[in-house]
Structure formats: C-alpha cells, structure tokens
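Here you go, one structure.
Here the chain labels run A, B, C, D and E in written order, and each chain numbers its own residues starting at 1.
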Amino acid sequence: MTTMMNPYLPEIATVLEVIQETPNIKTFRVVLNNKDRMAKFKYEPGQVGQLSVFGVGEATFVINSPPTRMEYLQFSVMLTGEVTSMLHTLSPGDQVGVRAPLGNWFPYESMKGKNIVFVGGGIGMAPLRTLLLFMLDNRKDYKNISLLYGARSPEDMAFKYDLPDWSTRKDMTTVLTIDREAPGWEHKVGLIPNVLLEMNPSPKKTVAITCGPPIMIKFTLQALKKLGFEDDQIVTTLEKRMKCGVGICGRCNIGTKYVCVDGPVFTYAQLKELPNEL
Amino acid sequence: MSKELRIIGFLCNWCSYGGADTAGVGRFTQPTDLRIVRLPCSGRIDPLFVLKTLTGGADGVLVSGCHPRDCHYSEGNFYARRRLEMVKRFLPVIGIDPGRFEYTWVSASEGQRWQTVVRGFTEQVHALGPIQRFGKDAAAMAAQLAASHA
Amino acid sequence: MSAKYLAQGDLSAWLGALAQGRRVLVPVRENGAVVFRPYGPGTKPVLTRQADSPPKESVFPSTERLMEFSYSKDAENLGKVALDIKETVNAPATVVFGGRPCDARGFTVFDRVYDTKTIRDPYYAERRASTLFVTLACDTPETTCFCNSVGSSPVDADGSDVLLTPVDGGWLVEAVSERGKALLDAPALKDATAAAQDQAKAAKEAAEAAMPPAWDAAPAAAKLLEKFDDMGFWDDVSAKCISCGACTYLCPTCYCFTVTDERSGMKGERIRTWDTCMSFQFTLEASGHNPRPTKAHRLKNRVGHKFSYYPDIHKGPIACCGCGRCIKLCPVSVDIREIVRLAMELPTATAGKP
Amino acid sequence: MPILDELKAAIAKRLPELDVVIGWGKGFDALHHTPVFITSEADLDKLVLGPLSVQNLATYLTRYPKTKKIGVVVKGCDSRSVVQLLQEKLINRENVVVFGFPCEGVVDLEKVKRAFEDQGMEAARVSEASFQGDRCTLTSGGKAGSLPMADLWADKCNRCQYHDAVISDEFVGQRLERKAEDAYADVAAFEAKPLAERQAFWQEQMSRCIRCYACRNACPLCVCRDQCIAQTREPNWVSQRTGVEEKFMFQMIHASHLAGRCTECGECERACPVGIPILLLKRKNNKEILELFDYRAGIDPEAKPPLLAFKVEEEKINERGW
Amino acid sequence: MKIGVFICHCGSNIAGTVDVAKVAEMAKSLPEVAFASDTMYACSEPGQEGIINAIKEKGLDGAVVASCTPRMHGPTFMRTVARAGLNPYMFEMANIREHVSWIGKDKEANTAKALDLVRMAVAKLARNKPLFAKSFAINKRVLVLGGGVAGIQAALDCADGGLEVVLVEKTTTIGGKMAKLDKTFPTVDCSCCILGPKMVDVAQHPNITLYASAEVDEINGYVGNFQVKVRKKPTYVDWKLCTGCGACLEKCPSKKSPDLFNEFVGTTTAINIPFPQAIPKKASIDAGSCIKFKTGKCGVCAKVCPVKAINYEMEPEIVTEEVGAVIAATGYDLMDWTVYEQYGGGRYKDVITSLQYERLLSASGPTGGHIKRPSDGKEPKTVVFIQCVGSRDKSVGRPYCSGFCCMYTAKQAILTKDHIPDSESYVFYMDIRAPGKMYDEFTRRAMEEYGAKYVRGRVSMVYPSGGRYVVRGVDTLAGTQVEVEADLVVLAVGAEGAAGAAHLAEKLRISYDSYGFYMESHPKLKPVETNTAGVYVAGCVQGPKDIPTSVAQGSAAAAKVLALFSKDQLQSDPQVSSVDLKRCVGCMKCAMTCPFGAIKEQEVRGEIKAQVIETMCQGCGLCTATCPQGAIQLQHFTDNQILAEINTLLESELEETQG
C-alpha cells in the first residue's frame, strides 16, 4: 500500500489577495485551506508550484514569497494562455489547487559570504524576488547585494510595493531601468545588459542571478562574461511547459535533465553542459 | 405528446430568430421541446455543430435561416444551404436517421410558418423517439449484434 | 514449483479459470488488427503473431481519471464557492495473457519512472500490482523484431509472471514470479514432462538463433548526444516522418502523458491521457514558443530518450523493447533501427540516408 | 526501357533545378516500400516503383516552405491530391515538378497479410516477395506461396479511374487510358444495413482508436496538422475523455473538412494502425458531392471547391428545403 | 467570473406561464452565478436600477437577463450593463417570453425550458470577452444612384446640407419616370413643370457632380469609406462642348431610332436629346441606329455641329469616386406585361401601357399632346383601362399591389375626358386603393364628374374586331359578363425593380426580393436604411410608391446621411471576426467566402496569414464556419461559446457516460 503522497493531488487553497501588478501580470496570495499543512509547509527559494483552476488546468509558477515570510504563498501570473486567463478572473475567496514545492532551488548555502548581483527583467523578477527577500531576511549571511531590475515601461514594472524599500535600504543597491524614456520616470533608461555594464559589478567573490525573457538572458549572459564572471558564478532559472511536475510525464526534458525535477535552477556552467534545446 | 425530447435549434438572428419572435408575439402555440441557439447567420453554422449535437445526445437538430436571396449578409445562407444539405446526407452513414436533422428558411414575418416548422419537426423527432447515443447505447448495441452474429 | 504443461485443447479451460474474478486480456482479431480485449466465453485468442497494439492499456490506460472535483456554493453567499477533490485510483485485478516478452518487458521501463524511491504514481503502481503477465515466448521473429539488440531476447521473461513456451501439442508453463506461481495452481495445467521441458529449452534456443544478428545498441547513448546539434542529420532521418503518434502510442515503453481538465457544470474530472512527443503540441508553450518546433527536433527526442537519456538516467537499460511496432505500423515505415545505427555509424540496409 | 529507368532518367534531368525529389525506395522488408528523398544523382539508385509504392507522397508537399523546389513522383490517385493542393493555392505550381507514370495499382497489404495467412504463411515474416504479371509470390518461414494479384489490389485500384496522373510535368511510360466504374457500391451496401447496425459498426470500430492521428497526418489535404481543432481547447471540439463519441468526433471533423476536397487516395485508412475503415466516411461525402454538384475533387486546378462556392439557384437542392 | 441572473416577470407576460421565482432560484446553482433574482419589469427604470445595483454591490462581471427577445431589448440592457461600469458585451439575454411564455401554456415545461435558456446564456456569458469599438475617419461625400425624383430630392437635400454629392444616372438625362408623366394626381398639375426646376437645381448646384449616361461598375469599402468605380458610357458627343443647340437633331437622317424616352411610342433621331427639359441638355448618339456606326458613312451630325462636339471614337471611361455613403434610388420598371396572352401579348398596337399613354397625353410627347391611336393615328372615342396587369396576380408571379395604378388611372380617365370631351372611359378594377390625402376624392371625381365607368372585375380577354377591340370581362357587382368595344386599351402595368437592380444590389451587398426591390433594414422603423451600413434606399427601389412618398424618402435618406456625417469619426461594431495568428495556416479559405471582402492576406514573419478589416467585417461568421483550424473566430459567437451552449443542454446526459 501507498505511503507516499499522490503527487498529482493538489492541496486546496484560498485566494487571499489579488494584486494587479502590470497590465498583464496579476499576483495571487494564497493560503492552504488545511491550516496544519500550511503551518508545516516547507519550501526553498526558487522552487515552483503548480496552480490549478479546476476545470481548466494547471500551470507552473515560482513561489515568489520567501519561506521566511509564511503568511501566504505568492504567485505572479502573466497572461499567456488558457489557465493564466482563467487565473486572472479570480478574486479573493476563490478556491484554487496548489501542488508545491516542486523542483530544485537557488543554491543559497553556497552563496553565503559572497556578493550577490540580481539581474531581473519583466516577470523574470519573480523568482529573484524570493531569493532577494530571503537574503534580506538573512542579511548577515551575505555581503553586498545589488539588484538591477528592468521592464519595458514603468507600467510593466511589477512588485511596485517592494521598490520603495529596495531603493531606500542602506544594505543593498537597487538600479531600476526601463527600455525607453517615459514621463515621470526618475530612474535609469536603457536595456538591462547595457545598464549592467554601466554598473560594472566586480566578479570577485560574487554570484550573479538572472532571470527574464530569453533575449534578455542571452545578452545579459554576454555582459556578465564581459564583466569577467565565470560560468559557475552565474545562476538562472528556466521555464518550460510542464504537466506532472514530478519528472514522469516526459515533456520538460532538455536531453537527460528534467526541468521540473533537475531544475528549474541551473548555473550557466550546468546549462552549457545540456544539449541546446531551450 | 410524449415526454419532451432534446431538440436544439440554430437560428439566424435576422430572419428565423425574428420569425420565432413573431410566432411568440402572435401567440402561435408550439411544443416546448425546442431550445434555440441564436447565431448571426445560418452561414455561421459549422456543420460540425450539427454532428456534435447529434452525436452528443440531442434527439433532433433544426437549423433555420433567411430564405435564399434574403440573407442579411447577402450570401451566408447560400453557403449554409450547401453545407447543411451535405451534413443531412452524411448522417445515414454514421447511423443517424436523417430525419433528426432538418434545415429550412423562415423569415422574420413568417410567425405562422415558424409554428408549422416547429410543430412538424417536433412531431417528426417524436416519431423517431429518443436517439441511440454513441458511447453507452451504441456499445450495448454493438455487443448485442456481435453476440447475435457469433 | 516445477514447470507445468498446457495442452492446446485445455487453453480455454485455463483462460476460463483465470477469468474467474478478474479480467483477462487476450489478443483478438478485429477487422485485421490484433488488439487486447477482455476474455469471455467464445473469445478466440490470436497466439500466432504479435498483437498490433501492445497490452499497454492494461496498466496505463490511454485515458484515465486522476481525480474528480466538484464546486459547491454557499447558500448565503453565492459568490463563495467551495472546492472538493477526490482521488480516483482504479486497479482491477487483471491477467494479460498471450503478450510477448517484449510486451511484458515494456513495463519494466515504466517501473523505473513511475515507482521509484522518491516518487510513486499511485494509479500506475496499484494497477501494476494488480496485473499479472502470462507471456508467450516467441519462436520466429517478424521482420521488424530486434529485441536482441536492446538487451532482451524472444524468450526473455523479464517483466512477466508466467512464461509459456511452445512445445508439441501445447505449451510449457513456467512461473517467473511468486505471483505467477499462484496462477499455475489450476486443473487445466498438468505437470510438465522432462521431454516437454527439453523441447522448451530447445525451442528457446532456436528462437534466439532465429533472430537476426544482434547489434549492441548501448553505445548509441553517447553517439546520439554527439549528434544532438547536427540538425542536418535529424532533418534527413525525419524527412519521411509525418508526425503522427502511431509509433509512440503503440510502443510498450512510451510512457508520456498529458493532463487535462474536463468540466460539466459544477463538477468535472482531471484526466490523464497518452501523449506523444511527436506532436507539435507536446512541448508548445502558452507563449507560442516551442523548444521542439520541427519534426526533426521531435524525432530526435523520441530516439534520444529511448537510446540515450533514459539509459543515462537509469544507468543502462534502454527504453526500447525491440518489438518493432513503431516500424511495422508506421504509415511511412520510419525505422528506428536504422536511425540508431546511422547515429552509431553502423551500416544500414539502405546504406546512407533512410 | 523499363519504366523505373525512364523515371530515373526523367528525375536526373530535372534534379539540378530541384531541392529534392520524393519517390519510393525499398522498405524494411520485402513487402514494404518507403518514401525516399532524392537530392543527388547517387540517390537515384534507391528508387523503386511497383505495387508496394503505396504511400501518397503528395502529403509531403505542404510540409516544405512554398518556396522550395520539390519534385514528386505520383500515382494517378496521388496526382489528384497535387491538383487539389494547387487548386487551394497551398503549393506553388512553378515550384513543384510532378513525375507521373502509368500506375497499374498498388496492393492492400492487409489483404496480402490475410490471404497468405490463409495459406499458413505470415506476411510479417516475409523473406522474399515478387510481383510478376498477375501473381504475387511470397516466401516466408521457408515456405513459398503464390496468389493472384486480382485478390490483392487495393480497393481503390479496383475502381480506379485515374491510372495515369491527371497532372504531370514528366510522364514516363505509356498511358494506360483505363477507367473502371465507381458507383459507390460500398457506400450503398453499407447504408443498406439497418441504422442501428451502422451506428454499432462505428462504435465497435472506433473503440480501437488510439487517437494517434496517423489518418490525419497521412492525409495530403489535412493541411492544418499542428493546428488541428481536434487538439485545441480554443476552440474545444474534442475533449480528452475516453468515449467513442469523442474519438468519432475527430472522424467527423476529418470527413467534414474534406468534403469536396478528398481525392480518395485512401491514406487515412491505410495509415490507421488498428485498421479502422474510415475512408468510407469520406467516400460517402464524395458520393453526395458528385450527386449534388457533379464534382470530383482533384481534377481541375482551376475549379472552385463546391463547399466554398454556391449558386443562387441550386439545381439539386430543394430550395424550400424541409 | 461572477454572473448575475435577472429573471423578468414582464408583468404577467412571462410570469403567467413561467415560474420565474423558481427559475431564479435554480439559476443560483449554476456555475459562475453569484446572484440571481426575479424582477417585475427588467426594462423599466427600477428594473434597470436593480441590475445596476446588483452588479455594483455583488461585484458582478456580467449579467444575464431572461426576458423578451434580444432583438427588442438587447441594446437596452447592454446600455444598462455599461451604466454599471461593465463592458456592454459582458451581457447575454435569454428569450423566455417570445420563445417560451407566449407559445406554450404548460407551466412546468415552460419553467424547465426557461431554465435551460438561462443555463445556455450563463454558459455563453462565461466565455464572453469585453469588446471595444474602434474609431475611423469618414469621407463626407455621398453617392446617389438614380436621377429620378427620389434621387434628385436626396441629392439636393444632401447638397444643401453641405455635402458633396455624386449623382449617377443610367440614361442620358435625369428626371426618371416622373419626367415622362403628363400630369400628377390628385392635383393634376404638370409633372414636368414641378420637376423641371428641381432638375435645373441639380445641374446648377455647386455641390453636385452629375454623371448621366453612367453606371456603377464596382463598389468597394465600407461605411464612411467606399470606393466607387463609375463607368461613363460613350455618348459620342463631347458634353463639355455640346451646347444642346439641337442642330444635329434636325439634320440627322436616321429618323427611325427607337424612342426610349417616349416609351417607344413613335421614333426619334439617332442623335437626340430625350426631351426639351433634359438635364444635362446634351445630345447623344444611339449607336444601334446611327448610320455612321452601321455603315461607316454619314457623319452629318459631325458636319453640322457648330462646336465640333461629335466624337465617334468615344470609349467608355471609368471614374473613381470616394464617398462615405450611398443612396440607391434606381426606381422601378414596368413588368413585362406581354406574358398576358389574353390581352394580345403585345401584338395589338392599340393595347398600350399606362406609361405610353402618359406620353400620348403629354404636350411634349410624340403626338404633341393629342391622343392618337398608335395603329392609325385616329382619336379614340372609347378607352378601356385595365387595372392590375401584373399586380395582385399570383398567376404571373406578381402577388403584390403596385400601389399607384388606381390613382393614375383615375387621372388618365379624367385627362381623356379633358382631351376628348365626347369620349367614354371604362375602368376594369379589382379594388380601388386610394388611401392618400385627397386621393379617394380624386377617384370619385373621375367617376362622378368625368363619367368614367368603373367596372369591378377582371378582363378575361381582349381581341380585335373590325378595327376596334372587344374587351370582355365580368362585372362582379352586377354579376354579369361585360363586353366593351374599345378604340384604345390602356393597361395599368405593375411595377418591378428596375432592370439591373439585382446586379447593383449585389455590388452594394444588400439584399433584394425576388421582384428586384431592395430590402430595407426594418419595414417600419428603418424604412430607408439597409443592412449594409452606409447604404440607404429612397423611392421605388424599395417598392412601388407614389411621388410624394418617393420625395419624402429622398429627403429621409438625405437626413440619414447628414446624421451619419454629423460625426467626424465612426465607430466600428466590435462584434467582428478576429484571427489567431499563431494558429492561422494562411489557406485563405475564409477570404474566399467572406461576402464583404473583409479579409485580406498579410505577411507575418514570412508567412501568409489572414487579416480581418474590422470596419468592413459585418459579423456574419461565415469565415468562422469555413476555417478548418477555427483560427478565425467571430467575437461573441466563438466556437467555444456555441459549443458551451450546446454542451450545457447535453450536459446532464454527458455526465453519465464519462468513463
């Protein structure tokens, strides 16, 4: 008889709060209905979860609230397909399914004592937010923390509620940028890789963590290389079409690696080892 | 008439839906089996709607549009006429009585004609009785036939 | 327990006995295709050739319900809707009778993925536990058979519970597993004579000898990875592929699936269905991006998964049982043997591009 | 000169202007041919032609960009698919070179399998096969057997009206100029059965369907393929539920989308790995199309498909309808 | 999604035979429904307020109203929903009055049916998306087709309203049928005298461009932005030069040309000006009868023309005009009465049409206003008028009443007496239809003052006898057979759509009936609109009507155009088709069937894809039914929405079979 959990069976959760982050991104804060399980719920920064709207289906999102702040689990959802458009119709009180945590996480243990550079673009900021907040909550474990966060326009910038804190904190450096000039914008204007080169972070005892749209990742990697970062000093997190989330259903593999169990977090060195099928 | 059967009508907004309205305004009594889906034009009807509805368990499907040459969109019902005729002729090969599907033309002023159409079609479907459904019913039938052949 | 003997005339008696209280799936002919169907009185099993569909459905149905869900409203506040989910595991006691060694072996490929130390798929696992395989050893290979090249043989008992070997007037019946032993306790089965046992041994040897020469597919693992970026190679070998799913759905080892919700009114079900990596939709992302956009990418994944990634992850075994159905039933005869051999730079029947 | 050599010569002549020529080559055993893709003169050796050249190679034409220059060898029936694709402007006439030949017919491998099985021979274990004159000789398991070709031709060949390609840029060999009658007797015979029996027939046949969509993907005119509505949720015509009605819905989609377009190459049915006789559904539509509109698909590249056209006065459709 | 359901009692109209409270109660259990209630009159102000309040209080995303037909109050409730702050398309209606409560008395069955209709509406609404109208600029010019009195009126009113008008007339002069009439009823004033000044106004109006002897070849585009190709037929006279002096007419040796304007009563010259008041007053050559064209010799007109305007080489010319609206006023023609074998089928010279008789009466006509029999030029003493020739006669496929014949026949009887005081007129009629102002009085005058003998009955036969015609009919009032010996028989021939009307309608993409009359948008409430936005009708093109009504419609159509053009931008209906570019395979079958030319090819990253021109799409959905991939979807009537309605109805049964 089975002692292990049915890996396909979601926990039922209630939407606490819905935040319209940008015109096409909404954030959902949910709690598991089973209080005991919610209390015991454990996960690591960078792990993902599957959100279910029963009748429509499941989709994968990173848990972008840190395990150090357990009032709720936060997921940010960009409007792309059937499940996400249904998620966007939800309001507080609505019931969803949650299967989490899934996948691996950021190797924060090995980052202890190092300088950290976060480079996030658009919705790619979501996984970085988890780790950033986690590090801020364990601030003494890390040395300098800097964040470069870019979006197409001010409206497309998510997590606006975090930005005042991040911008004013003394224990981190925050640079915000948008692609093109916009009225009222008081931060940087320019593409992320270019701004990153301007920031000129030293690779010495530093880890860069980056996530964003494929084209941004491509040029950010180039920029980081130019700045002298080694492949194993760069960490990123991938997105793939997933179904089961537990390495069975067979679609999210890149060669031998299943993004849902072996990922989504990879160092650039690991990525380079994988066949070229992103 | 016996127990209600499931009859689904697809009506164009401009003529036949209006004709059904006119029938209502005129209090032209009709059987209650029919459920109407309103569409802009008979040309909007993908023949697959008819097939999906019948194989999905409806006992009858009725399509009605503007009379040929009177289409609100000038040509929609011309295309519909060909497509619907084809679907009607197709039904026998999948084992569905073609009498379960009819298509016709009723204008917005023809309340009386609408009444006649609904009465006639409902009677026709009742004469055929409840449809044998793909899935359960037909599986039983297949088993029965196999047994009788064995 | 010693081996038993089943006379041809006693076959239906044994099948009838096996069918008491469980379903017995046997290969039967339907309009030219041989498929597994529940045994009933009068059923005539086809034991002379490999079934067109393997008995994959017995443990891994093409469609199965994972759970039911239902919504219910708060009478006081209609906008407040509660959700309830119910797990639906369904594992009827089953015997799969008359499959071939390759068919039974297919599930060993599943086992390494579906029931491991870290993850257990309860739907699969429970059905696997409730299903027994009475397998018929092969005598003569079909033109598409190549089990001996993927680490198996026409008389391989791996994955089976009982093995039948053709002997004069019937079959030698040997239990392979403990569970299989229980099946042998039947009046239709007689104790096997030594002669029958010798005949069976000879038959097994003959069957193995009848196979075309084996080529070891193990080195393909590395070779295929080397060819990963050689899209010219994959374009060539996939040129005739029409991207249907016949190869994967008829494969005893292909285990990929998709999950879909179907809802009617306030309730519905979450179901899982076979999926195929040959389909464009398999990896299509909501954004429209597809990491495997062409049939060349997808065929690469099918071959790669079977002969490279799976052996790599599971340290050896190839995710192919060599049954040859993907070749035999492919509408355009895409031949996985040729592709693997080409990747391994071995000579092929068509010498060069397929 | 044997037709095959003529064909090789014709292809060799046109090959320099083409990116690829699609023909048939030897398959995995003596009873199978398989598509081959010829890009150089050396590849010409792979070319074969005969009663085993069953696949309709026109199905590959739409899988290339329209700008690619492609040669394709066609049987009479296959050529109609080419015409239909041209009619629908799905391929560019100037980028396709059609190689025609007088086609005597192809065998139905299912018939071969069964006929030899009756002689105690397994076609799946064939070691040699030959098609000489009107007989087919097979060696399997050390035994040899012979059968008249008349018993083995595919049904479509027995009723073939287009042995010679209806369109070709290069035609090799002598035209057969032969024409059988096709009164759709198979459709009529099926429809003579009681209604419930017809439905039960499909119920039983479709219960074998594994939704592999080989029927669709082998079809030269199923040009939606990756975008087929059988596999979308938007629109959501077919659910993933297990019922036969769901599986059958796709066959209705296929038949419906092919109405007035199907050229009866029979690939859908041939490709089906579990032997579901789905061509019947398309034949039924074709019968009606012929009756209603006096139209056969794949004959005239300039014609307009009847379901994409109309007449203000239809001769054969009762205007008042029901 | 949170849906509100509102079940209307409609007083007792619905509540009488539907248990509305039960429907509302059961609706509460439907998926997505967060609020349901019944309401006395949903369309009333309090009813609408109730809907608005519920939407606001319950935070609803959409509303279903189950009441009357959406054709009646659909727009009303869309505005209600919009007032509550929702997109108006987040609304669906269930028709439980016309389609339920009014057509059956079985309350239980009606209630079940009403609930089904509500379920369907809810299922559909759950898949509705907000739709937004797009604005586009308009070209404030108007095309008027047909220079009869309706077209003239429309053109003048539009021009006076400041619009640029393009007036296209098929023949060489405007004036239409009215110009051919001698007098008009019931005032008996000179037709040409009252029309003439208006024709001159057209010629002189700075805002009007007149193309006579021209037809429309092609119309593309959509409301606000039509492109029209006008084909100017060759007149062989350069109208820029022609002064209308008439010198050519006098000298033309070909005097046997058919006289179109005079309805073929008599003949005219091959080069001619139809009548003295013609606008434009320019000569044109009838190539069919001109000697120069037939033999290559002659050329007299070219020699005598003082301004050298004759040009035998003239070719048709295509002019493209861009307009924002079109008024079709192409009028009517008489039906082909020769199908009446019993009246001689056209073989008797003295059996003529009423319009020919008008020309005989007219002072500018071929007889100079003297009534002369066509056969021998003698003055008729007994004239028989036969009514309803090709009207109200199913046997010739003309079941409708042409409306104006009763009145002009009375007028012609009066005029006959005026012209020939010792004449006798007989009128065979079916009914006298004279419903206008002073109309009935007028017919009575014909009988009472002018002694016209009205015989109620059909004429069964007319046959010649000794230079006269025996008209045999029946007097149904007296119940006797009647025979009258007549010198002249005048047939009141029924009207039908003008020749070529059907063809033009197809270019305009509007529908027409089997008699060639154009369909108005609504027979009562939208009499001059058509179902193609920006295309209007005026006058007899829509159906037979008399002069005052035609003029009124001309003005009405003009008013509609002026109202349309009062805005600088129009909004397109957002309920149009839209293409999923990811899924379109570019087969363009949609474009092949689109009746409006609203789908064009576009190239997206090197691939052909379909593109909907939203302003041209009329929302019929033919493309959606055509597209095999379902990649083009008519918004608001998507496949999934319709499938949801179907599935909802089949649902209870579906659940039983799932495996």
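Simple rule for what comes next: a contact is a pair of C-beta atoms (placed from the backbone, for glycine too) under 8 Å apart; a residue touches a chain by one contact, two chains touch by 3 or more.
Note that the structure is a prediction, hence the values are computed from the model and not measured.
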| item | value |
| --- | --- |
| Chain closest to the assembly centre - both centres taken as Cα means | B |
| Centroid-based (C-alpha) most distant chain relative to chain A | E |
| Pair joined by more contacting C-beta pairs (B-D or A-E) | B-D |
| Chain whose Cα centroid lies at the greatest distance from that of chain C | E |
| Gap in Å, rounded to a whole number, between the CA centres of chain D and chain A | 51 |
| Separation of mean Cα positions, chain E and chain C [Å, integer] | 70 |
| Gap in Å, rounded to a whole number, between the CA centres of chain C and chain B | 45 |
| Whole-Å separation of chain centres (CA-atom averages), chain C against chain D | 30 |
| Residues of chain C whose C-beta touches two or more other chains | 63, 71, 79, 258, 260, 262 |
| Shared-contact residues (touching 2 or more other chains) in chain B | 52, 56, 69, 75, 79, 83, 133, 135 |
| Residues within chain E bordering two or more other chains | 2, 59, 593, 626, 639, 643, 647, 654, 657-659 |
| In the complex, chain D residues that touch chain C | 25-30, 32-37, 43, 46, 55, 59-60, 110, 113-114, 122, 124-126, 141, 204-205, 208, 210-214, 216-218, 225-226, 231, 239-242, 267, 270-271, 273-277 |
| Chain E to chain D touching residues, read off their complex | 580, 583-585, 587-589, 592-593, 626, 628-631, 633, 638-640, 643, 657-659 |
| Partner chain D, residues of chain B touching it in the complex | 47-48, 51-52, 55-56, 68-69, 75, 78-79, 81-83, 85-87, 89-90, 92-97, 102-105, 117, 121, 132-135, 138-139, 141-142, 144-146 |
| Residues of chain E touching chain C in the complex | 2, 28-31, 33-36, 58-59, 582, 647-648, 651, 654-655, 658-659 |
| Chain C residues within the chain A interface of the complex | 66-67, 69, 71, 79-85, 87, 89, 113-114, 119-122, 125-126, 225, 228-229, 255-263, 268, 270, 272, 275, 277, 282-287, 289, 291-292, 297, 301, 304-305, 308-309, 312-313 |
